[in-house]
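Read through the structures below before going on.
One chain, chain A, links the two complexes that follow: it is found with chain B in the first and with chain C in the second.
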Partner chain A sequence: MCSIEEPILVKEQAPLSAGKKCIKCKIAKATILIRYSTYCKSCFQHVFVGKFRKNLEKSRVIHSAPDEKAMVALSGGPSSRCLLQLLRDYCEPLPHEISKKSTFNEIKICHVDESVAIFDEQEKEKENSTLCKVESIAKKYNYEFIGLRLEDIFSPEYTSSGLYDNSLLDAVSTLTSKEELLWHFKMCLLMQMARKKGCTRLFMGDCSTRLSIKIISLTSKGRGFSLPLETSGECNLFKAEKHYEFNFLLCQNNKIVNLDSIDVIILRPMKDMLSKEIGIYNQFTGLVDDIVITPTLTSMMSVASSIERLTEDFIVGLEKDYPSTVSTIARTGAKLTPSNLINLEQSCAVCMMPYKEGIKNWQNRITVHMKQPPLAPPSPFTSPSQNSISMDYNNSSCQCASNDTLCYACLVNMRDIKKVVEFPPYVADAILQKIQKATNATIAISPTANRLKYKFFATTNFNNKSLKTDYVGIPDTISNLRPIKYYIPENASPEDTEWRLHRERIDQFNHQFWTSNNELFIVEKQEYENQLKLKTGKKPTSAEISIFYKDFLDKAYDRQMAYNQQWWKENIRMLLPGGKAAIRNFRIWMPKRSRTRISFFEKNASS
Partner chain B sequence: MPRLCVVCKEERASVKRPKTGEQLCRNCFYHVFEIEVHCTITDNKLFKSGDRVAIAASGGKVLAHIMKTLNDRYNYGLDLFLLSVDEGITGYRDDSLETVKRNQQQYNLPLKIVSYGELYGWTMDEIVKEVGLKNNCTFCGVFRRQALDRGAVMLNTDHIVTGHNADDIAETVLMNILRGDIARLERCTEICTTGDGRIRRSKPFKYAYEKEIVMYAYFKKLDYFSTECVYSPNSYRGHARTFLKDLEAIRPSAIIGEAFQIKQEVKLPTQGVCSRCGYMSSNELCKACVLLEGLNRGLPRLGIGKTNRLRKIHGEMPENTATMLHFSQLQIDGENGKSESDEGKKRR
Partner chain C sequence: MSLKVSLSFNGGMELLFNNVKQKTVEIPASINNSNPTTMKDLIRWIRDNLLKERPELFVSGETVRPGILVLINDADWELEGELKYEIKDADDIVFISTLHGG
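Moving on to the complex of A and B:
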């Protein structure tokens, strides 16, 4: 009965466009079906370009300032590729359309290469990097091209290694959170670059299909709050005053650039186009051969690998049966406005979006972990699984609860991070700003070291109290020492505590010494190299540098010796509290052991 | 090694909580679940002492059980009533109504059953025969909403609690986005809705997962009815439901996350009162009246997209068409209500 050869019987449906005329010119035969309307080729192109122009001109920001610089975010995909072409046509009109004057002073193209996050170390060959492919597209336009890599988020020093980025993303256990983080980093890079280059408008190529997927998936991730900001056609959330996240660029190269004075407005002029329309347009204009297909984290994965992917599947599937789905969702999204409860002054350290305060309290009320009912909202309440963030900043480490700095959705993401990981500097910077604001205290920023020293750890169990054993972190970027968080037993004796505090003090001492020593080393080495460069004009060879090493060590002899002596002394001093603690623990342990022995003998005797 | 419960750290864990993935023992699970509902109730100040509250118990017993337990334990001081709606769907509702009746004796709560047949003169089975399998959910939904309110008025209560859980709310949010219904999108996440200051509706299970409710019912040996309505399989909602289940599989917190969002809208229709039956409505006539008119006149499409055109063709409603009783004329079940309040006094 059911053999494979049996033909599948499907009622053949007459194509909707068959034999119909174009609804626009009503003369030519229709060849294209968009939702329920039929078009001929030339009318379709006309309508498509018209839509784009209308979208651009509708927004006041286009007219308000004619001499603005704009940046186009180009992923290389169909939508952003099309956007670039349309924008060029719009800004550089043909000679006979001279009345339409150019709107933007300058257009720049920016691309962020994510390949580092997607491919393994071995695969990370040239062919997987999208940067050069996109650059070849951008070369066809005489606009400035800026190529960024995702690892740039860890400030320029780390560009070559790319190591830090992977260690962070590897620590994220679910694809959903990973995708989210990647997206935030990408947005941050784009914003940062736009500011740096003085661009006040950032064009994104989100089409309506993409936007409706985003609306649903963001809702599912608990981002209903910032959804209107993330999907609207025109978003001027990134206002000048509040953008302290980018302060860390201030001190870069010791040059003071006040980047905060630049407003960046995100524009999405493709928001009314379906991905189908874009595909057809690209086909007609020959752009289709010029597209870079960027693999994503969920490429070649199952549908249920991440929320984003599942939503995509859901929407595309629905669109097939109910062709108005996408536009309905997109229009619904466009009607949403941010809630009054949102405090626009506050923004999440990771995703840079505003959020509602008091989330942790709310969560504790609706999800109870304890035997006792939690306290009423205003009083602080900590649950055992609470995240905490610890920051190591200029040797003064400060801890702050993550609920003060992150939004609900990012808190949920943090749950998927199981290790101590380092976040990009911009996150630490935002948190620092918040602490400063809250405490009204200013923490001095030294211009030379600040970029290296930002650190932001997120972990599910960072409180000493919740550790089960001693906890060793990743090496410090400057001192090269691994930080240790000691385990505090519940019934710690005074000897134990003394012993632990002593060890912590010594760790701190070591850390301080090596930090200052290495800082000095870095600075002097840089100076030495610069001098040599001036003299010889070449990069110093290793032989030449070894002279410097010798010099440095000679100069540092006294300092080093003093340190060593101190270290020896401390080592001997440590014997006393260590011994005390050991003896005490032995005493506690002893009777227990003898007790078990007796029972063992008793057992023997009885048997 | 058997795992210990993460809350009491004494008993062996026997439940893995869907909400958090924590492993709990049975007693702690009950405790935690009840406390969460209690928190939801107290935080949102759902009740005042002395309120007469109708429990909309379709078939699931959990809501009635929890409300009764919490009322006794934390002294809310509420007079509780059971309220059930009989849609008249054979094979779906009759079983659950039986258990509701059994339950009435078990919890010693007064019960009121309002049926579609009584209120509107049409049972769902008859409506489906008339309308067909498409759009019948519109009728059922609209009628049930009003039936509950009418039942509540008859019981002389001022508050209805419904068993909507986080999954239901998430589903509704999703549906409203898919449909583009902004006004509802804003309203549907509210924990307590007030219709005209008359009868308040609230959802104490707003933050409880459907799975947990089912588990609670299972362990406590309460009857839980999750029979899918026989008329519902291929609705648009079904798609949303499957999507949501997939989401939950990827990340359990997605459900709560959805329920959490709040949005604000620019323009909202003002709510008025239906001119025919006195029920709250955004239009001149409430949906139930329009639908009922359509049924009685043999124009089932009235109220489903083609109202105006049909009205043009067939003219206004003739005088002799049967309509519902006006809201203000609803009789409070005098006898019933009295004996119940007496009972309430006795209990205290």
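Moving on to the complex of A and C:
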């Protein structure tokens, strides 16, 4: 494996290696170059399958219980397609290898169709749905196929009708956050389905190229804390029965794990294969014609459209010139172990991963320009609209907020959500559980309350008197203005109070205007886009949108003018109290200044 | 004189070529003056003649984008001289994308 002894192939020297022999059989002409090793076709396939089997056999979890059920997460892409084939070959030995025992009692295939999030309404009707295509692949195997759609995350009742409003994902303004949310929903669906079907092993097709991309991109998204869990070859994070009280165990290679406590273990047996190896193997075995190309959110987009995409481009580009990039990152990543600080009881409501406690404090420490009120950190969730539990919720809402319901990375993602949106019920469940735990109270949840509405808000109600200085909050999600809480001095003069109240009034005026203006803008833009979509059937281009911008501004002329006039008036009105305040400050400052001047002269005279 | 070359686009590459997975094309034996046609010439020829959209998702400079595998008659092109490989008649050239985006 180690490539130190071998001559390093520089690009220009590549033709020289043309006559090289396979390093395995040393007879046949080498046709495949994997990192610095050359193989012939048959040896390559042999080594590739061997790597997979070695990976499976290395993990004790495979052997510990022979009658267990496993689930394969099949996206239809090259890696998971290959995984399915290899796993079948492994579990159903050929007659001459009959001595090998079959490992799993049953294997199920699960696919999550994401097309709802990627295509528009009209495109969805066409053959873009991946579900049927993947099902036809799965039919070639004698395994049960479970087809899910992304919209199932909201409720099972949506499965048949296909009703789904894309409002949640539409409200996310950046592709990075959208990809993240999509991934969490997909993971949640897979985990829930695995549990429901009694599967204790979930096979994922992440190859080493993908894992190294994940290691870098998750780090840059602020997921470093849960990174070892999300990228390890074997991860048992989820405990049976109590879904939200995670008991986690990272299965070490030689450690025997108490299987009674294990719910679903995620296995990634492809973790040592490069995407190049998988591509070549699929080509040689004919699997290549059996692959479903699932477009992603960033398909056909520019390189910098999301963090994940950018990282992919970076790593793959680097790998071309330095073929050990991926394996170095993946192996270094595999050495990571979860921090001792991980609290198994605490997990993020959205991504279900454990998080570091006291994120708010930490965030406040490292953020330069954003001052957060120290007493009541803004929680992204307000009380649900359901009357039956809103009272209980109000009582405990502050505790819920201070306990934190989201991890740092999800909190960052929430900043990209610009509207009031509804989250899938599993998020609601997780939050309710947290509140219950925090208050020790049982909140009666009616079945309908499962679809709680969670609203996002940026400003919090807190007492100005507790402040020591002016506080500037995070920008409002709609008006984009930063709320300011003014400092109230203990011995405030009437002028000071008047001045402060005046400024508060004007802030309010600005806030109201921009909120209504922006709300109108969002609504009209949506309508315009929908109309265009109906007409042309495509997403409007930026040129078409610019027509709307012009129209909107033209229509808003009177409103904007009235606002401007009011704003100018207020500015002039502010001159007087502002001037008063300046004079007052000058008076306070003057005596001090004159005193220092005297002392200065005295000093001068004495010297 | 011209060469008959069989081209395949797999792993998502076909999306760039109007969902055409296989194509047999005839290209001149010497595109570039009197020199024999190499992979470099072929890639430029594909970009100019076959590519339907987004050339930057296929080529990067003179070569293919990183992450795209090229197999010439089932052999890794990195062992065949990459861009300098001289194309012969009836060669079977496969392009496989291993990337998610694009």
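By our rule, the second predicted complex is superposed on the first by the 365 of 607 C-alpha atoms of A that agree within 3 Å, B and C clash if a C-alpha of one lies under 4 Å from a C-alpha of the other, contacts with A are read in each partner's own complex, and residues count from 1 in each chain.
By definition in this document, a contact is a pair of C-beta atoms (placed from the backbone, for glycine too) under 8 Å apart; a residue touches a chain by one contact, two chains touch by 3 or more.
Here the structure is a predicted model, which is why all the values come from computation and not from measurement.
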First, second, both or neither for A:L576, with chain B first and chain C second: neither
First (chain B), second (chain C), both or neither touched by A:T209: second
Which of chain B and chain C A:K41 touches, first, second, both or neither: second
First (chain B), second (chain C), both or neither touched by A:K320: second
First, second, both or neither for A:A409, with chain B first and chain C second: first
Partner chain(s) touched by A:L553 [first = chain B, second = chain C, both, neither]: neither
Partner chain(s) touched by A:F284 [first = chain B, second = chain C, both, neither]: second
First, second, both or neither for A:A562, with chain B first and chain C second: neither
Contact residues common to both interfaces of chain A (with chain B and with chain C): 305
Residue ranges of chain C touching chain A (in the complex, touch as defined): 10-12, 14-15, 21, 53-54, 57, 66-67, 69, 71, 74-76, 78-82, 84, 94, 96, 98-102
Chain A residues touching chain B - in the complex, by the definition given at the top: 174, 176, 215-216, 219-225, 227-228, 303-307, 310-311, 314, 318, 322, 325, 328-329, 331-333, 335-341, 356, 362, 365-371, 373-374, 377, 408-409, 412
Chain B residues touching chain A - in the complex, by the definition given at the top: 6-8, 19-20, 22, 28, 31-32, 35-36, 38-40, 43, 173-174, 176-182, 185, 207, 236, 239, 243, 246-247, 249-251, 253-254, 256-258, 260-266
Contacting residues of chain A [partner chain C, same complex]: 11, 14-15, 17-18, 20, 30-33, 38, 41, 77-78, 209-210, 275-276, 278-280, 282-284, 288-289, 291, 293, 295-296, 298-301, 305, 308-309, 312-313, 316-317, 319-320
